[in-house]
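Attaching a single structure in structure tokens format; questions to follow.
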């Protein structure tokens, strides 16, 4: 758990939850205490229960941050929040990835240089079928010839979402300092001020007087 | 059907489909011939079959335009595409609405003045729980004291979506020339160049040679 | 100086600079120590020296935050950064303004309710000739029938800019707690992580080998 | 003039203007007849007269489209409209460029495949110091290891602006069919409906009655 360890070293309180736990460890009680949820999944997206996805969805819209890593692009929760297929091109060939910072003034880029490299990466390539991000922070260059929007910020409801491309099941990507730094920055950026609900629905009493119309 | 009549007068080919028809009139064959779908619904959103929503969703992502009117904000298809609740405040009090053009250079504002008025409108008020639009074209002022983002453009997949607030079950709003003009402009703006699919998935053959890594 | 006093009470270090000072108080040395500059001006925009505008412009692009208040919309520095006329409609009639929060999850809206009111305001109305903001946080409703995009976030270079509409030469608007809270939130939001320059220009040594082309 | 020839073949009426002409060929009369201006310049940006830049700027804000090519990124008019330095990294090494379409549903991408290649290109690399585009249509991959936001849409005032990266003084890039097609698409996208001015300034007569306040 290199990510959890790193975040703890930075002073954050971290809990983990896995697919095998009841309700995947994401009970109402757990979510109620969570400011930012980091989501990674691979292959088993279909096994995540819809009721849990509904719950996480509502919680994000109420203000919980969500940091989606790598193959989490195909998770039910990310697709639900984006409204698109979130599909992409991919290749497993151990190629080099160079991640360029295109928005260096953004808090998620804090502490990074102009780019950083991942020596061996799984390629994710455009077209990435997402809504245009509210802010595009990173673009990846791949040795095999593709590019990818690798760091994408979204506001949905009161919640902030960051998609971050790097990651793999076997390459030691989550031990790289730049990757860990981005995840830490993203967690801080996505942290809500407060989790609360807007009053929606019928508002029968106007804030200003409404004139009687001739037609009434 | 004042909208269909108006669009026909402008030279567009128009068909209508209703909830009561089999598959709500939105069969594969019908959608395959549709460039832009105009959606209005009220109260009965829950009766729209999920399979039809899935089909329309896929078709929009492949390039079909979608113009969502008034209470269509709460339709399954709009919520699916937005990823949020799409909730809002509302009030039935026959109040005046003044719709301001905030992006006068946008094709959807073509032919309009600086604002237009709806003498008696149902109020829809902020907070409107949508993703920030790619382009915000109109903002409404309401006599009772609220404001609303009334003209919102989105790109989702290859499809273009426009949400337009005005409309009502009983007020003659869809007979107003400015409202009809906006709907016509929106249909033209949302019309696709072509409906086609991107090649997603595994791309094992790189476009550029990938160097053998020491670790391999 | 109600704004400076309030920001000091929140623990910020605040200095003031005025038009009458040499270099308007905005010397290289002062700017080098400034994280966020709050700008207000009225009528005398033309008297601000171009050399000082150049200096502030460069500093914003290098990372300094800029909070532009009320009639600062017509300042040389704001027009320079926006690239547009920044023109608008206005009226002095002591009318009510109601400022609606349309992006309640944004840090600049922290601590606010769904809206707040200014009992007597100078009206600023759309069309406001600005680039569409990166994030639109507030929309104003005016008693006299207009609307206005009153809270607008921009990233330019490494710097963050927030335009906030309320303010007046005589009405006691800068004593209202909600207005002061927004300015404080904006200063925190616009504060840079670091002020630094990107390496631009010729980069003759490629990061990857470039194949000799037949045509060379 | 391969670009002018191509656009004429598509049925557009095309005129050319050069630096050496009086007022660089961009007189009031010429601009008044121009719907979309295509701008290319190199090295001699400083020789363009400020009065002509002012005139073009006003005309763009009033609705004229502007398509800025390649080294036009450093023109006075583009920097004026963007409000930033528009600086970037560059290299002359005859390397391959692959331009990926990231927004395939956009009119400027019409008729293109998923990407197209330029066999020998001058490299332009990130960080490109521009405001985040309203729509990002293309991202370039360079053989030497960089990426670049190569197709950027902006709305400024009533005018539409498209920046398109490819081009060179000696490589035959403006003879490539994909490059010509993009320029043609961009000209069509940027064409205004109408060139007209918004009424700005004092609006003393309110649209709605304003109540007398106690404080008055």
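Worth a mention:
To keep things simple, chains are lettered A, B, C and D as they appear, and every chain counts its residues starting from 1.
Going forward, a residue touches a chain if its C-beta (ideal position, glycine included) is under 8 Å from a C-beta of that chain, and two chains touch if they have at least 3 such contacts.
Note that the coordinates shown come from a computational prediction; the quantities given were computed from them, not determined experimentally.
Shared contact partners of chain A and chain D comprise B, C. A count of C-beta contacts for the chain pairs B-C and A-C puts B-C on top.
Note that among the pairs B-C, B-D or C-D, B-C reproduces the A-D interface, with over half of its contact pairs the same by residue number. Rounded to whole angstrom, the centroid-to-centroid distance between chain A and chain C, based on C-alpha atoms, equals 29 Å.
Inter-chain spacing, taken between the CA centroids of chain B and chain C, is 33 Å.
Residues of chain B found to touch two or more other chains are 98, 103-104, 114, 125, 127, 132, 134-135, 143, 145-146, 155, 157, 198-199, 207-208. Against chain A, in their complex, chain B makes its touches with residues 61, 80-85, 87-96, 119-120, 123, 125, 127, 129, 131-132, 134, 143-146, 154-157, 198-204, 206-208, 210-211, 213, 215-216. Against chain B, the residues of chain C that register as touching in their complex are 98, 100-104, 114, 125-128, 132, 135-136, 139-142, 145-147, 149.
On chain C, the positions that touch chain A within their shared complex are 63, 98, 103-107, 110-111, 114, 134-135, 143, 155, 157-160, 192-194, 198-199, 207-208.
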